[in-house]
Each structure stands twice: as C-alpha cells, then as structure tokens.
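Note that the chains take the letters A, B, C and D in the order they are written out, and that residue 1 is the start of every chain.
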Amino acid sequence: MGFGPLLLLAILEGAVTAAVLALTAVGLSLTFGIMRVVNVAHGEFFMLGAVLAWFVSQWFPDAPLLAFLLAMVVCPLVVAGVAVLADVLILKRLHYEPEATIVATIGLLYIFQQAALSFFGPNARPVAPPFNFRVQLPWFGYSGYKLFVILAAGVLLLLVWLLITRTKIGLVMRATQIDRTTAKAFGINVDRVYAMTFGIGAGLAAIAAVLVVPIQQAHYLMGGDPLLLSFIVVILGGLGSLRGTLIAALLIGLLDGLLSTAFFFPPTFAKIVATLLVALVLVFRPEGLFGRRTA
Amino acid sequence: MTKGLTLTPTRRSVLAGMGAATAASFFPGYTNAQSSEPIRLGFQLHRTGIGAAYGRWYERTATAALARMNAAGGIGGRPVEILFEDDGTDPARGAEVFGKLATQSNCDLVFGALFSHVVIGTAPRAAELKVPYLVCSEGHHVASGMLNRWTLQPGITDVKSQVQAMAPFVTSNLGKKVTMIFPDFAFGHDHRDYFTAACAAQGGEVIAQIAIPPTETSFTRYFPQIPAETEVIYHVMVGPAVLTFVKELGEFYGSGARPQLFGFIDSLEAVDINSSGLEFLDGSHFWEAHPRYKQADASDAETAYRAAVGVDDNGASASDAADVATYSHMFSVWETLSVIKAGMEAAGYTGAADRQKLVEAIEAMTGFDEGEDHPQGAKTFNGKTHQAFGIQNITKVEGGKLVVAHKTSVEDGMYPDEVDYTSQSF
Amino acid sequence: MAAVTLLEARGLTRHFGGLKAVDGVDLDLARGEIHALIGPNGAGKTTFVSLLSGRTPAQSGTVRFEGRDITRLPAHARVRQGIAYTFQITQVFANLTTFDNVALAVQGRGVSKRLVRETSAALERVGLADCADEVAGTLSYGHQRLLEIAMGLALNPRLLILDEPTQGLAIGEIENFKRLIEGLVPERTVLLIEHNMDVVMDLAHRITVLNFGQVLSTGTPEEIRANAAVQAAYLGGQA
Amino acid sequence: MRDRALLSHLGLVAVLMAAHWMLPAYHHDAVAKVLVLSVYAMGYNIAFGYTGMLSLGHALFFAAGLYGAAMPLTLWGWTGGPALAAGLVAATVLAAAVGLLALRTRGVSFMIVTLMFAQAGYLTILYLGRWTRGDEGIVIAQPLRRIMGLDLSDGATRYLAALLLFVLGLLACLHLVRSPFGRVMVAMRENEERARMLGYNPFTVKLAALTLSGLYSGAAGAAYALMFGYAGASLAGVQYSILPMLWVLLGGAGTVAGPFLGCLLMFYLIDYASVITSATLLVVGVALVALVLFAPKGALGALRDRLGKEGRAWLP
C-alpha cells in the first residue's frame, strides 16, 4: 500500500476516534465549564451508556437497527437521570467544592463500576451494528458504520452547538458559566441549571458510547480512556470553546496515527511523542488553543 | 545445597507429629494446622479488575474441584477448604492478599493467580513468608528463573513451550512467511521473541512484527503494515479490545483473498466464537491448551470435568449458553489442586511446618498421567524449573465450532533448562 | 542631589484592546513625600500603579527606581527593591492567622531571628496586636484593611503604594489611618490612590490627577484645588 | 514540653513503634506498606495540601524512585544504598524538570500537563520492555534487597526501616510546614498574587515545593522497590497518581499526619470490604462519598476545625 492510502486510512481512523471523543469531551466541557466540577466519573457515564446499549440490544436480538435507535434515546436519558440524581443527592450538598467533588466522583466511579460488574458481568460484550456494509476502496475495505459514526457525531455536535447558542436553555447555561452570582440575581435557578448541565453532560457521554459500542464492545472498565482523553481535549481546546474542543479532539485523534505513518515511528513511541507534544502545547499556551487568555 | 542438607534437620528427622506440636507451641497462629482441622488453601482471585472475566471461571473451577476432592476424602483424610480473596488483578494488592491469606487466614499455601504481573508482584512475598505459591499463569516467568523456590507452575504449560510446540504446524501447514501482531508489552514481547526464534528453526520467517500500543482501542490503521507477501498472520491480542481487533481485521480484508490466520485463543476467551462480526474467522486456526468445544474423541475424564465445572459441550455455562467459559486456561486450577493433593500426601503434610517438604515433594514429581485429576492431558513436570509441560491443541474454526486439527506432543515443547530452583536455598 | 527623585516614570503606556487605560504617563516621586493620585473612576489609576509595581507589564515607557531601570523587573523583584503595594480590594490570607499574614511580609526580607519581634511590632503599630492569633478571615473589615497596611509596612518599603486604603473605614479609623501615614514620612515615600478628598488634601504633599489615562495636572493641593481643568474634569463633578 | 504539635506527632510515632511489637503478622506487614506509601502521600501533600498544586502526575515521581532503584539493582549490579540514592536523585531531578515546564501553567492546565507527562513516562516504561518487562514488571531478588547489612525482605527489619523512613519524612514535614518557607508555601496556595506582592516569586517557591515533593515520592518509590521487591508499570499508571490525592484528601489536605491517616483508612477500607461482600468496589465507593459528605476536609481537617485554636496548635 502506498503512502497516500496509508495516510487516508490514518485520517479515517483518526476521524472516528475524534468524533466519539469530541462528543464525550463536549459533555465534560459543559460540566467542567459551567459547574467548575472535575467529574472523575465522566468516563463511567460513557461506560454506563455502552452497557445499557447492550441491554437494549438484548431485547431485540433480531432487529439491530430498532435496538440502536431505541438505545440512542433510552441510554442518554437513563444516564442523564442517574447523573441528575448524583448531582442533587451528592454534589449539590458538597457545594461543588472542587476537592470534595473529586473524591465524591471517584466514589461514584467505584459504585458505577461495581454496578456494571454485578449486573453486566466482567466480559467484553459486542453489540451488533444497526447495519452492515463495507465500503471497498481500491486499497482496502472500510466499515460503513464507522463512516456513519463520523456523520452522526457531527450532527449531534451541531445540535449541541444550536442548543448552547440559539436556545433559552443555552443562554441560561452560558450566563451561569460567566457569573453564577449575577445569574442568581437575575432570577436564574442555578441549582436547576447545574442539575440539568450535569445531566446533559452525562447524556452526551452516553450517546457517544451508544455510537461506539458496535465498534468497540461494552466492558465495565472501558471508562478510563474516554475520561483521560476528554480531559486533555477540553483543556487543550480551551475551556468553554466548543470549536476548540472539536479541533483538539481531531488533533488527539489524528496526531499519533499521523506521526506513526509519516515518520515511521513505532506506534508506542509515536504515542509517547504525541503525548509530550500536547503537553508542551499546553505549557506554552496554558489557556488552550482557543481559550481566552486570562490576565 | 542438596535437598538433604536443609537448615531444619530437626523438623525432618523428628516425628512429624512432634514437629507440628513444637511449632504449634511456639507459633500460636499455626494451631489451626492440627491433623483434624481442614487444610486451608488460599486462592488469589481476579474477582475485579481487568482479569475479572477469568476470575469468575477460576472460582467456579476451583469450587468444583474442591467439591470433588472433599467427596473423595480430602487430602490425607483431612477436609480441604479454599479461601478466595480478591486481588483486583493488581500486583500490589496481589502481594497484600497473599500476606493476608498466608499470615492472617493461616492458609497452608496460596494458588490460583493467572495474570503475569500479579504473579511477579506476589512471588517475592511467597519467598519472604516461605509459603508455597502455585500459579496458574502460563507466563515464562517461573521457568525463566526470575522467581524463587516457593513459586511453582505445575498446572499449565508456559508460553515459551506453547509457542515452540506450535511453530512447526504453522510453518508446515499454513505458510512460511509470517506477520506477527501483538500487544506492545511483556506478554506480546514473549510471543514475538519465542515465535520468531521457533519459526526460524523450522525454516520459516517472520517478515513483519507489528506491535500495538497497549492503550489502543482501534486497530485498523495498523493493518496496512502487513506486507502483501504475508502467508500467515499470527495474532495474540489480549484484553477487552480483542474482539474489535478481530472484527476490524475482517473488515480490512473483507471477503477477498487473505492470508491464513493463526491466533491465540487468549484473544477470544470468554467470547462466543459466533458473535456478530466474527464470521470472518471461519477457517482460521487457534491455539488452545484445552479445546473449548467438546471433541468427538473426548475422554471420559474430559466429560466428567465438564460436568463437574458446569460447562456444556460448546464451552459455555451449562445454565446460560451465552456465558462462555475461559475454558482454555481454567483447567490449570483443577489440575493444580490435583498436584497439591498429590504433593501433600507424598510429603506427609501435617501443617505449616511442612511447607518446605511440600515444595520438595512437588519438585520430586516428574509428570502427571491423563485422567480425572488431569483432564487436559498428560504432562511432564520439571522439578528444577518448577514448570509443567503438556500437549497443545491447534483447532480450526469450522461451522461455528473449534475443531482440533493437530495435537502437539509434550516433547515438542521442551527446551533446555534456564534455572535450577532446587539448588537455591529456601 | 540625584537622590531627590525616588521614582521616575516616563511615557508609561498600557492599552487593553481599544481602551487606552494608561497612555504615556510621566510621574516623578520625590523621596519622602506623600503623593496622591486622583481621578475619576476609570481614569487608569489602578492600572498605572500596577505598572509601577510590576503586576501588569508596560507596553512602552520606562520606570526608574533609585536611579535604576526596573521596567523589565517582575513584581516580586520590585517588592524586594523596596516597592510595596497594598490591594484595593482587601486580599489578606483569609485562612491564615493575623500573625502569619504579617510574618510573611517580615520574613521575606531575610529576617529570621527577629521574626517574631518584628512581626509583633508591625501589628502593634497598626493596633492589631491583640488579634495576632485570630484567623484573618474572621477579622472585621476595618481590621482587615489595617492588616493589609501592616503587611505593606512590614515589608519595610522605600515606596509604599496604597490603593484606596480608607475605603470602608469608619470616621475614627480614618483619623488613625492619617496619623499612621503621616508618621511614615520622611523615611518612606507614599503613593496614595484615594477618593476621599479630605484625606487627600490633609495628607498629600503633591497630587497628580489622571483622566482618560493621561496626566491632567500635577501640583500641591492648593494648586490642584485652583486648577480649572481639574475642577471641570473631576472635582466639579463631585463637589 | 510546650510544643504541642511536636508532642502529638511524637505520640503517633510512639504508637507506631508500640505497634511493631503488638500487631499480628498480617497487620504488621500491612502497616509497613502503609508507612512507605504514606511517605509518597506526604510528598503529594507538600505539593497539593500545602502549596496548592493539584498534580495528576505524581506517579511519574514515584515510578522514577521505583525504577531508579530497581534498574541499577537488577541490571548493573548496584548495592542497596547506592540504588536507593539513585532512586532519590532520579525522582528529584525529574520533578524539577517537570516543574520547570509544568509550572508555567496553573489550575486545570497544570493538572492535565502533569497527567500527560506521567502518561508519557508510563508509556516509556512499556516501550522499554526489554529492560523493564513493562506491565509484568521485574522482581528484585531477595539477596539484593539489603542496605548496610539489613535484610529489607525480613518482616521485622522492613517494618522498622519503613518506620524510620516515615518518621524522617514526618518530622521533616512538620518542621517544614512550621518554618518560614512552609508559611510561604501556604501563601501560594491561598493567594498566589498576594504572595507575589509580598516579594515572593511564585515560580521558584512552587518549583522548590514540587521538587521536594518529588524527593518524598522518589524516596517512597525506591523504598518500595527495596522493601517489596517488585517494580511494574502498574505502579506508574494514572491510578497511582490519583491514589495519593485520595489518601491526602481522606486524611486531611494540609495536615502533617493526614496523609498517613488517609492511606491507612483507604487500605483497611478495601481490606475489610472484601470481608463483608464480594462487591468490594461498592463499599469503597459508598464509603468515599459518605466520608466526603460528612468530613469534606478529611478526617484530620475536620478534627482540626472542630478544635479551633487548639486544633491548629496540635495539628499543623
């Protein structure tokens, strides 16, 4: 295979990773940006979405498309509900104190993992994709569903963007993000905004998981990577910048693949270099690529 | 130092009962080990963490083997009990759990660990506490000499031997130009090194080695590195992402011409071979230590073992066909327990003071016959390297089942000793 | 006579986007004077002293202190040179004791053996000796302002910059404050941003008026009072 | 003696010394391990609890100490003492180097930058599998685990050595936080800008604190290699960056003895959870949430607040 097709494949694969990552990270960016909460359990919301998608798929073993569509609705709603409960019962009582919420969300992480282990089991379980077709390119074959994931994630991100910039809910969320006290003074129910934000953030992680689970099996420990990568993406993109989050996700998704392809680095070495590069970008632009510089 | 010249001649020469009594009066913690008391075996269980899929089945296998053993009169007439303790599949916790089982629960020995990092992290504790540690791993860490005299692997063949035994089948039946795909950490590196050497010895050649970073969840972009002239792809991915790996390999090649595939069943332990997306594996070959699907020529012992553990003919739970066993590895728990029984009885084991005698008794063993104690097959045991060597199976995916295509002999997997643990002091 | 001028700012400039917060300001501080900086809200007073103290880097212009160019020196180094700054909005360390707050200022000068004595003396001076063991955040607002000044004094600065020090103080506290400041000169030099004109007129030897980021006028209190431009821009509006 | 803080901490040391003779074997070994890991937690506390640097990358420093000691022992035939020193130097130098870069950032960016440096370190350990054996790790043979003739694989010796290391760390930390420099560290945590206007360069103060924190972490890592005879990549993973934070927060951030208490609590929480149920993670999770709901400043933090002035005197 020539260099061109190799590059194309690296880009396609990177785009799939980036699409899923962007969705997950936008969820984290909302909770992080608006509530200033470091939610260590965000990856577990992702995991719960995937595990629930598997349960939904078991109800309709012969109709994967129906199961998929249902999962796209049910999983984010259920996970958002769990998140709202967690916010109201725990985080609110901690007054969103940063250190306390870190410990509390680590606690939640363990609770969710145990729940998945007990009710879902320790195995990695596959979910059938809603449709099966393979795109045969001249050099290699490629999963049609993966292309769909890129598209679907793009549409969902557009919806999130519309929600934040064009609706009253979005306005209220942005107002709360900029100044909590003033928002309160204007009669905004900050508690409700927080609960809603936490729910939406978790729901986005769950939706990303529903999209990814036909590619990447549900497993009770699958939440670790999305958490770490989302954090990196959110900070690298710049807090509160949707565009930055998206571009950072692309960067993270593509960087090590491109390094490996273009420079013939061994993959693990490419990952080390990519990690250090991103760290250095942050060192010299601590506010992220698209964040506002704070004086 | 020879076996006769140990540092505790009194305990060896004096009547066993007296020895136990003396020990008991000095160490109140050991009083449990009276001859009427049950023998207590500690089990390091991967109940949580990355090994949990194995842990569940290891626990079931151990429980079944224990029931059978107690029904047959226990060990030396004493009942046996097993204490399971979760190690979180973590080496640090593994060492702690070992201490807990050995010093708090007063277990006579500890066994059961599968994951290599847990075994390696725990082994130093075994030597410090002077408690036998019988691992069910398959890593080469025991026979390589890295560990110590208290650590033994009598229940399963190590990876170096497995790979060496199978290489001739690969090169003579599947092809001589091999591309290896493996995870870029120790387990994968073992395969890389041993198979590359074994393949060359057979006149084959490993033409590409593709190391996949351990944090990877998607694999497609590595496949273009597979050279076009590849005749066989040798894959040994492990962990929750393996199914993705196999499916993406299928998507990559599609229905067109593709190289032969040879994989380690580790990739698909606890996974149904008929899962959606795996159709592509039809006609490919796997290594299995113990064939998941019951073969036409299965022995009575094999049938009895399946029934005892609760596994159906397809290698799934007898009560839940979707619950696939880690069949190719879990026999090691059963067989290790058989070795413990034989060893304790040979050593005249009465209590903790006889732990060293137990290790020496196992070291004195030379092999195990196929039978209900060893349903996977006959094995040779090398007392110097503390390692068992058994037959390996190469199975082919045919009609949604794994069918044995070739059985290696025990001799195929023998290699020169790399250590003599019996020359080390206790 | 080179030592008459303690600090000399020339053409200091700082713009924020389109806003010319400080635009080419010159200022001379004579050794031992109390110099007040006044001007309407948004005139650039706080930004200007931030440029002097180094909290904000200047875009152009120079600052010389004791004859040395300190324009490129970071804020903490300027403190070590003898320029102390007390914050407009009280920023004591709320979770530390009063003693610790002042000790932080004292010990930075390399004092170690006399740390306790000097810290106590600094607290004594502003009348906070009784509160030494209190957690600073629990002090009354007026006491926190005093603590802020005590921290500035404890740095033993040659130039003390006070940003609206009397804001929120009661009448009686203001009188005490004035006496405190008068007692600092001529050993030290004081630059005072202040809205309370009584305080300014009583204390200041000279006054500089800023408006829209530029110097409107500099002179003695009498001169400033008589200056028509100042009256138009500022005093007239308020008085 | 009127130094109440010294008195309370010497009391803790006395209890731990008495425990050496009183604890049953299992708990004796467990506490020895807790003591070593507490040194790691104390190091984290210096950076986070006192200076306010929330790092997610301390596993890098722990691992530098671990491998810095383990590699010379196993590969180059060094003896215990020099290997221990090598671990300390490796961790300290690495912490200073990471600090030089990462301290250009603060807050969440600092968290992420430290996380990524540690991640790069973790991947490097895997990548250098030929020498490190990556995830599997390596065993440090029993005869190598000696310092000045002391066999650190022996239970009693190990406990006393761990206690010695712990006491050194504890008393040094107590001295540090009550020293003028300790006051400056806290000033950085409380209000960096204000501290700068008192003439302190935040960068150098934080760099010094982080380097010291690295030294503690490295000491714990090197001691771990010598005392427990194992070095593996799992000890360099992100989990081992989060654990010291958890210990510190549980015991009380910014208290000298808090890291030990938190580490001890966490160890026995996990240990006893497995006695009660097989759903161990649930017990741990619920306990963490409950603790933080009822004692958000950690066990010692809550106690100190309750005791007011006396609390600050006894528990700095």
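What to note about this one:
Methods note: a contact is a pair of C-beta atoms (placed from the backbone, for glycine too) under 8 Å apart; a residue touches a chain by one contact, two chains touch by 3 or more.
A quick note: this is a predicted structure, and the numbers were derived from the prediction, not measured.
Taking the definition of touch as given, a chain qualifies here only if it contacts subunit B and subunit C alike; those chains are D. Contact tally for C-D versus A-D: the pair with more C-beta pairs in contact is A-D.
Taking the mean of all protein Cα atoms as the centre, the chain whose own Cα mean lies nearest is D. Ranked by separation of Cα centres from subunit D, the top chain is C. Inter-chain centre distance (subunit C to subunit D, centres taken as mean C-alpha positions): 43 Å. Separation between the centroids of subunit A and subunit D, computed from CA atoms only, is 32 Å.
The distance from the centre of subunit A to the centre of subunit C, with each centre set as the mean of the Cα atoms, comes to 49 Å.
As a whole-number value, the distance joining the C-alpha centres of subunit B and subunit D reads 35 Å.
Each of residues 113-114, 117, 266, 268, 271 in subunit A touches at least two other chains.
Annotation for subunit B: residues touching 2 or more other chains are 48, 184, 213-215.
The residues of subunit C never reach two or more other chains; the list is empty. In this structure, the chains touch in the following pairs: A-B, A-D, B-D, C-D.
Listed in rising order, the residues of subunit D touching subunit C in the complex are 180, 183-184, 186-187, 190-191, 193-202, 309, 312. Contact residues of subunit A toward subunit B in the complex are 1, 5-6, 9-10, 12-14, 16-17, 113-114, 117, 121-124, 126, 128-129, 134, 136, 139-143, 215-217, 219-222, 225, 257, 261, 266-268, 271. Of all residues in subunit B, those touching subunit D in their complex are 29, 47-48, 85-86, 88, 90-93, 95-96, 99-100, 103-104, 116-117, 120-121, 123-125, 127-128, 139, 141, 146-148, 184-187, 189, 213-215.
The residues of subunit D lying in touch with subunit A in their complex are 101-102, 104-106, 108-109, 111-113, 115-117, 119-120, 123-124, 126-127, 238, 242, 245-246, 249-250, 253, 279-282, 284-289, 291-293, 296. Interface of subunit C with subunit D (complex): residues 53, 55, 74-77, 79-80, 84-85, 87, 91-97, 100, 103-105, 107-109, 112, 115, 133, 151, 155.
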